[in-house]
Each structure stands twice: as structure tokens, then as C-alpha cells.
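Both of the next two complexes hold subunit A, though its partner changes from subunit B to subunit C.
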Partner chain A sequence: MNHGALIFLSAFVTIAFSWAGLVMTPQLQLGRLEPVPQPAPQPDYPTARPGLAQQGLQVYRSMGCAECHTQQVRPEGDVERGWGQRRTVAQDYLADRPLLVGSLRLGPDLANFGVREAGRFAVPWKYATETNHLEETEAWLYRHLYQPRGQAPRSIMPSYAFLFERRPIRPGQSADAMALRVEEGQGGRWPEQVVPGPKARALVAYLMSLRADAPVFEAPLPGAAEAAAKQSATNAPAGGTTNQVSAPISTNTVSP
Partner chain B sequence: MRNPTPAELRPLPEDSEPQAGTAPTPMWLVGLLGLLFYVATMSLDKQAGRFNPRVYTPYASFEKVEAANPKPATDPLFEKGRGVYLTYCASCHQADGLGSPIQAPPLAGSDWVLAEHPNRIIRIVLNGMAGPITVSGKSYTFNNVMLPWKDTLNDEQIAAVLTYIRMNKAWGNQASPVRPEQVAPIRKATAGRDTNWTQEELLKIALGAE
Partner chain C sequence: MSDSLSTPRQPLNPAQVDGASRWPVLWMLVKAAGWLAIGLGLSVWGWGRLLYPEEVGTAAWATYGRLWPAAQHVLFYGFATQAGATLGLWMLARLSGVALQQRWLVFLGGILWNLGVFLGVLGILFGDGSGYVLWQAPLYGSGVMWAGVAAFCASAWFTFQQRRRAEVYPSQWWTMAGLFWLFWLMSIGVVLLHCAPPRGVMQVVVSTWLANNLLMLWLTSAGLAALFYFVPRWSGRPLHSVAMSKMVFWVVATVGTAGGFHFGMPVPRWLPAVSAVADLMVLVAVLALALNIHRTMGGQYGGMWRQPGFLLTLFGALMWMLVLVLQAVLSRPALQDVVNLTFLTAGRSSLWLLGFALPVMAGAMMYVVPRLATGQEGCNCAKSRAVAAGLMIGAVLWMAGLLWAGNAQANALADWRTPFMQSLAAALPGMKLAGLGLLAILVSGVVMTGALIWMGCGALWATLRGTVVADRVATAEEVVA
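Showing the complex of A and B:
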């Protein structure tokens, strides 16, 4: 019984078929996505991340954050949880290379972590601040990275204290604005402060750049169509379909 | 636990080789599988959005995605018509649609433009216009003629520019849009014509006639 050729052929056909369905077809369909044009003052979506945030993506990758955090808002449940206004689609990941969607949720989803509107946060616990200024949120995030249980008592996130540095405060210097802790110098030494290192700063810049809330065709914001219809009904733009005739053509007379 | 007896250790007789019998495939199984295939295909057809890359759950088809998106504030044909108008028409009729006293009659507020049916102005754009014309009660006589645009503009461009002219609220115009399907039959009907229209000829054509 020598069916080597047959076995090889069936294995080849099976693999080729699944490759065509799972790799080639999605590539043909989504391989040439372009950023979505947005109304005038906004840049097209998604934009490339600014430099520090781009470095932060590499920190996010090297620290293995994607092992426990996803960046994917699912259509069911996640919107109700407040993890995003809409589901995420392929368009949202155009600026990410490598793609860090993640597959396991030991921590909360981070797809909309950078959305800072008060009362709407991408994390299940709420930040302590009322106004959610960028600096306040960043300070919260530094403290959370340094000592997760200090901010969220039931968090199982490991501490990333090694991303922070101890620096002496020299005479005439004041403590860094982002310093997490200031220790009095013992025995005549200079006092020391714990400040975020370059990797922590890059990581926080990356996390603050995460947002998937721009309207895209595939996943319109809920209620957008109704709101636009209501607005066009009251505002009456130039493209209505009303058929008003100001003067009937029959008044045309042949000039003598 | 006892040891096996010699009789139990003896191998089975070798003449009783098991044989695979043949049995016909039961027809009910074929029918059931066919039914399952049918239901699966119907379900795929209904919910897979025809594998369109722009359709994601919870939307089941491209039409549903489109319905959930806000409509553009203006007709896309209107926006297209703005470009056509500024390229070809504005040099005589002016960007504000008020025309020019030596070249072209006004389009803003014109009773020709705002007529219920656009069949006459489609003819004007296709074959051009010559001779005196009365617009909104005022007589105009120009030395030049309006050029025929049937070789330059296709049906969609003519429909777009007429939509732009008829629906331009900035000019005070508010009439129905013109669709390319309205231009095509008139282009076909006037295919043999190679002279400009005159007012007398156009007024003989009933409004709404093709």
C-alpha cells in the first residue's frame, strides 16, 4: 500500500485551501486599507503615533502587556461595559506595527484607554480625578505602574517599579513634577526621588494615545444616523429633496 | 487476581477473519445532510454579509451598515456638479449663477432652470442654445451661442451639473435633482441633431416629455 502521492496531495490541498481562506482572502480584502478621511479640522483616522508613543508601543510589546490586556472592543457587552463607544474594526489597527490586539483578558481592555472624557473611561475602575486632565491621568498611570494595588486594590497586575529611577535631589533643585516618592536624605545625604524612567514615560505616552472612537464606516457610532437626520431636518442643507418650483415654465412667452 | 488458564491463553482460531460487509447509505441520512446543508447555506447567506470586508457584526449586510451611517448633508451628485459647473459653465454663467449681460442669461431664479421637469434644460446642455431667450419675463439677445456639451460631458456629469444648478440654495434655487437616467433617453432621442436649440423649438416640447 503506497499512497504517498495521494496523502501528500490531500495534505497539500487541505493546507492550501485553509491558507487561501484564512490568509490570502483577508489580505486581498483588507490588505490595502487607507486612513479614513475625517471632517476638516481633524486628521485622517488613524494617524501615526507621535514619536514617544511609537517607542512606547515597543515597551508595551517587550513588557508583554498584550499577554493580559486586549485592545479589541467586541460588539456585544464591551460597549455596555464602557470600554468603547463602538466595536473595533480592521481600520483601527492601521497605525500599529506589530499588531498588539492580545487574545486574553486578565486585565481590562485598553482599546480606548486614551479617551479622557470625564465619567467615561476605558477601565472598569474609575480614576480618582474629576477633571481628567492629561497630567492628572498620567500621574495616576505612573502610580498604577509603580504600585498597582495602591490604585486598584484588587488588581492582579505585576508591579513595574523597575521602569522607575531613583534620583538625588541636588541642592537648589525641586522634586520632579511626576515624582512618585521623595525620601529625606539620611546622614547628611541628598534627598532622593523616584521618577519615571524613559521607558515608563514612553509606555504612558503610548497608553494615552490609545483610542478607537473615531467614526468609521464599518462601525458607525450608535445613534449617529438619527442625529444627522435630525440635524439635516432642522438645518436644511443645500441638498434637500424638496420639489419647489418658484415659477412655472408656462409663463415663458415667445418673444416677438 | 488469578492467573489465566492455558485455555484462555490459547490464540483465537485464525479462520474467522473479520469481514467488512456492505450496506447501502440510508436515504434518510442523505436527506438529513442535505437539509443541514440547506439550512447552513441559508444562514450564511443571511448573516455573513456576502463576505464583504466592510460588513462586521452586528450588521448582517452592507445595506444595514449603510443605514446606520449618517447620510451626507448634500447629494453627492450636487457636489460633483459643483466641479463640473466651475469648470465648464462658470466662464459664461458666472460662479454666482447670475449670468453676464453680454454672454449668458442668469440661472439663479430662472424659470427655465426651476421648471418642474428638467427635460428642456437637458436638451440645452446637450446641444447648446442660440437666439433670443426670455428668462423669468426678461428678454435677452446674445451675439454668441451656447456650445453643445454632449461630446464633452457624459450623462452623469450633465445630471450632476443640472442638480447643482437646480438645487443651489445659495442662488435661491430649490428644485428637484436630475438623475443620469433622465439624461440618457433625451440624449438618445436627440442623437441625430447637430444644431443648437432655439427658444421656439424648445417651447414646442411639452414639459415632462422625453
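Showing the complex of A and C:
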């Protein structure tokens, strides 16, 4: 190796080979993945997140949430833990940019946070009502962001109180429905309420939009195989009229 | 490419070479040391925030989610990469027997690089971080750094072209190849993670490949270049086998680039399978390096206790080998389901930085900076020994703490019936031990930084006063003449 040319050539060839094999080949394999068709009237999966949730993804990135939280459900243990109905696959991530799947679990996995039951949280809790579970989960999330140890005493999550605003309650006004706390005014001042700011609302909208529970060919939902076999035996038309357990639709893609 | 050996000229002696490279190298190494202190400070602050989170009320930039990526960015780019590239340029000039060429490019590259690191850390702290491991800086930071590394590469190229020795030494291969790899990797990061990111999981594929190769190709190149230069120099014995050094180079350059993918990631399953095989094959390089160093030392390790820099360099080599052995063990498919997403795998980049890059670079800086600043050898005083001991003890505690925490996490998460919060509680003692290690590294790093900055400022002051700093160091003008 006494020639500069040989050093450069070897450095170039080795990294080019690695690049071609480990980046370009997966790109050829996965780069043309398309959203998975779902039984009507559901849209293809996954769809782009709504505007506020899309803003929330940027808040999630900027706060460094992925330093402690993952968004990948593994086949062993995670499903039993209640973090998802099936393992996550490449199709689940088509809509997100940047894609932050995380590499360390200091907090629970969030891949299916939007459909997580109260009893499946890291510190389980109970719904107060029979029907307003979505609103209750959102309210729980706001409280958790504001004061994590209030919801989960041993949590090491930092407080995101800076995402909340203190607003005065002027005479004739009532406290905001989403107010976390109302403080009496001191020295003749108006009472103050703590309400979620725009970033907190966006972050919560993003977290509530997280769900990887649509059936895909690579990772069918539990019971989907039996349903598919039953349909096949009865010569029924493909797809279903319910959106509960439907047969996976092959996308002819490679299983990750 | 035509080499310059057709018209052989007498190689310059080391003092002449040092005279020419003195200011750019000193300037860059002092800046790297400054970033080291800042990066370690951010690390300790971030880790402290993780262990002892505040109840209510803090600033967004002072949360773990921003402090830790900022610390990693500063340590990797501000310290390790800057020190590695600078030491590489210095070794390149020395081994080529020629003055560092196009020094203005090194100054320009240094200005751009440090500006990029500064913009990057500000960007991360104020919410513009990219979220990718080891590529956290926003485009306006990493783009400027990319221009800086192009300037380093150009200066290295010109220096190598003008070399006056026929033989090319292992440190020269590593430096030249490493800088080329760094430029390529940063180009990919800028284009594919900032400007035109691919869809879906391809972002995970690109960022994982990039992070692995920033460690495996670039940081290994910078560290082993220093190792192959300083071990023979400090031990006073020639390198045992150039062939073994070549073997290490080729194994790292070929199979080393394929690591980093873990089973369970949402990527094609053949990628982690290839990574697992590559991690195992890299052990050939570990074995070759261990044998080469052992034979070079001739089994006489007594000398390393008399030179703190030597001790640190050997310690860094040992940690490189340990981390790769650990990586090979943990990449077994049966283990991956358990250890993934715990500190056992996520702590990899910090182990490379604090266990391998920091000791090796610190050891090399203990050799280079005193020579360039004062013309004297570095002292074997109590302060140097304490710094070396602190860095090594800290790295061992950090590694032990992460292993403890990761193992506890893995065991708790493996059984789905175990409540999640229990995995956190089980990991906390290990995390606290790792925090102690980080604290030891911070104290030692700050003392070392202070000493290096003091030396650099002393040299500048002496030059401004017009006094001769050292008769062993020739001026750049003399070399050119």
C-alpha cells in the first residue's frame, strides 16, 4: 500500500460496496412500498396524519422524545404487554418524515398510543366514564406532560410545563374546559388558569394519532388467518363489512 | 493519480515539520479540548436531568431530550472528529517528511468546522435537532461542518501528494482513508437525511448505516491511526507487523461497514442477519490488533505506567476491542430479542466516544500539544497521572453502569408480566453508577482542557512577545525556505 491511488481506490470501493449493498438494495426492495388498501369505506393504510398531528410530530422531534420512547412493536412480549395487536412492519411508517422509531425504552413504546386502553399504561389507571375514553386519555396526557410524577410517581420523564400557558380568567369568563389547574388571584388580580399551549395540543394530537393496528400481509392481526380461511371456505367476497378483524390484503412486499 | 516520488527529496526532520504545522494544529487541538469540556458538561447535566427530573418548571433546552443529543453532537464532532482529523493531519505531515500543505485550508476548515459545531449545538438545544443518532445537527450546522471537512481533506491530499518518503505507514492509510470516508458519510447525511430524505423505514436504514460507519469507519480510522503512530513511538520499538495492520484495515473497511442493524428493527430481516455475521467477522480485526500491539510491546508493559499518554492510548485500544467483542456477543439473534432497546445496545455510541475515542485522543494530545506549544515533552507529573486515571476509571464505571442498567432492563422487559416501571427501577442503580463514571470523566476532562488551553495560550503569548518558545521547533518560514 505504498501508493496513494491504492488507498483511495480501496477506500472508495469498500464504502461504495457497503452503500450499494446496505442502502441501495433495501431502497430497491422497500422504496416503492405503497399504502395498503383496506376494506371500504376505510382509506388506504397508512394515511397522512392530520395537520395538527403533523405539527405534533415536529414537536416530538424537537423535544427529543425518541431519546426515551420507541415506536416499534416486537413480536415477542410487546403484544402481550398490550403495546399493539401485532408487530410493526415497514408499511406502518410510510407517512412519517422524520421517522423516529427510537432505540431505548426508558419510557413505554408509543407505536399504538392512540388506541391504548387505560389499563395497559405503564401505570394503569381507570376511566371515569363509560363513553368518553378518548377525551379522558387526552386529559390524562395533558396532566402527564405538565407534571409526570403526578400520574406516575416513579417516572423519570421531565415536566413539559413550558408547553402550557397561564391565562387570566377575566370577570364574566369561566375556566377553559382543558384547564389543568385554576389558581385564585392574589392581591386583587384575576384568577389564573393553566391551559395547554399550541405545542402541547399538537403533541397530544400526534400521540393520539399513533396507531399501527391495520391488518397488513406481513403482520396479520390475531385471528385474521382463521377469518381468511372461513371466507375462503364459504367463497364469500374478499374484504369485510366490519373493520374489526379483516383478512390481510397481500401487497406482495418483502417481510421485514 | 501520480505520486511525487519520481523526484525524491530529503525528508524534513520532525522539528521542521512541527514548525510548519504548529499553529493550525495547536489552534484546532485547543478548540477540540474546549469542546470536550463543553460536551462533558452537557453530558453530566443531561444525565443528571435523567436521573433526577425536575417536578415542574424548566426550560425546553434544559431537558434530557435536548441536552443528551447536544452532548453527543459536541463530543463526536466538536471533540473526537476535530481532534482525530487534526492529529491525522499532523501525523500525515510527520510521516511524509513534509510540511503541512495549504495551511490556510486547515484554518478555513477549522473555522467552518467549529462554526458548524456551534450552530449544530445551538440548533439542537433550541429544538431544530434532526432526531437521528450521531446526526443530530440541523442542516445549517451539518452543512457548514461538511464544507469544513472538505477543506481538511484537501489539505491532507496535498500533504500526502508532496510526501518525501517512499514508504507509506499504517497511520497514513488510516488517516487518508478515514478522511475520505468521513467526507462521503457526511455527504450522505446532508443529502439523504436533510435535503431529500427517503420514505418510511429507509430513513431508519440510512441513519443506522450512517451512525454505524461514523463509528466504525471514521472514528476507528482516527483512533487506530493514532494508535499505530504512538504505540511504536512510546514503546521505542518498531511496529511488529505491517501485514497485520493491513489485515485490520481491510477487515474494518469491508465487513465493519455492515454492522449496526438489530433484529426487531422494522427493516428487511436480512439486514440484521448480515450485521450479525459482520459483527462476528470483525473479531478477526480485534485479534490481529491485539496480537500486533502485544508483539510490538514485546510483552513489556512497564513503560506505559511512566507515560500517562501511553497508558491512555493503550487503554483506548483495549476498550475498542472490548466494545467490539461485546457487540459481537450481543448481535446473536437469540440475544437480540432480549437486549434490544436497552442500554446494552443504545449505549454503543457513548461507549465508543468515552471508552475509545476520548482516551486515545487525549493520550495523543498529551504528546503533541506540549511539543508544539513549548518544544518540551509532556510531563509525567501527578496532574497528568490523575487525569489519565480519572478518564480510565470514569470510562470503566460508565461501561459497567451501562452493562448493569442494560442487563436489568433486558431481564425485566423480557417477561411481559413484569410491569414496565419495574424495568426502569431495576435500571436506575446502574444508571447512577454510569453517572459517577461520567462525573469522573468530566473532572479529568476539564483539568486536561485547562492544561492544554494554558499551554496553547502560553505559546501564543510567547510568540506575541517575540521570545523563542523552543529551539526545537522551526518556523514555517524556515521550512518553506
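Worth a mention:
By definition in this document, the second predicted complex is superposed on the first by the 209 of 256 C-alpha atoms of A that agree within 3 Å, B and C clash if a C-alpha of one lies under 4 Å from a C-alpha of the other, contacts with A are read in each partner's own complex, and residues count from 1 in each chain.
Following the convention adopted for this analysis, a residue touches a chain if its C-beta (ideal position, glycine included) is under 8 Å from a C-beta of that chain, and two chains touch if they have at least 3 such contacts.
Please read all numbers here as calculations on a predicted model, not as lab measurements.
In the superposed model, A:A48 makes contact with neither subunit B nor subunit C.
The partner that reaches more residues of subunit A, of the two candidates subunit B and subunit C, is C.
Contacts of A:V89 after superposition on the shared chain: both subunit B and subunit C are touched.
Once the two complexes are laid over each other on the shared chain, residue contacts for A:P220 go to subunit B alone; subunit C is not touched. Within the superposed three-chain model, A:P108 lies in touch with subunit C and out of touch with subunit B [touch as defined at top]. Applying the stated contact rule after C-alpha superposition, one finds that A:Q29 touches each of subunit B and subunit C. Overlap of the subunit B and subunit C contact sets on subunit A: residues 26, 29-30, 76, 89-90, 254-255.
Contacts from subunit B toward subunit A in the complex involve residues 51, 53-58, 65, 67-75, 78, 109, 111-112, 114-116, 120, 132-134, 136-137, 139, 167-170, 172-177, 199-200, 203, 207. In the complex of the two chains, the subunit A residues touching subunit B come out as 25-26, 29-30, 75-76, 87, 89-90, 217-220, 224-225, 227-229, 232, 237-255. Only residues 1-5, 7-8, 10-12, 14-15, 17-19, 21-23, 26-27, 29-31, 33, 61-68, 70, 72, 74, 76-78, 80-81, 88-94, 96-106, 108, 122-123, 146-149, 152, 154-162, 254-256 of subunit A touch subunit C when the two sit together in their complex.
Across the complex, subunit C meets subunit A through its residues 1, 3, 49-51, 53-60, 63-66, 68-69, 127-133, 160-161, 166-168, 172-173, 176-177, 180-181, 184-185, 188, 197-206, 209, 213, 217, 246, 250, 253-254, 257-258, 261, 264-269, 271, 274, 337, 340-343, 345-346, 409, 413-416, 419-421, 423-425, 427.
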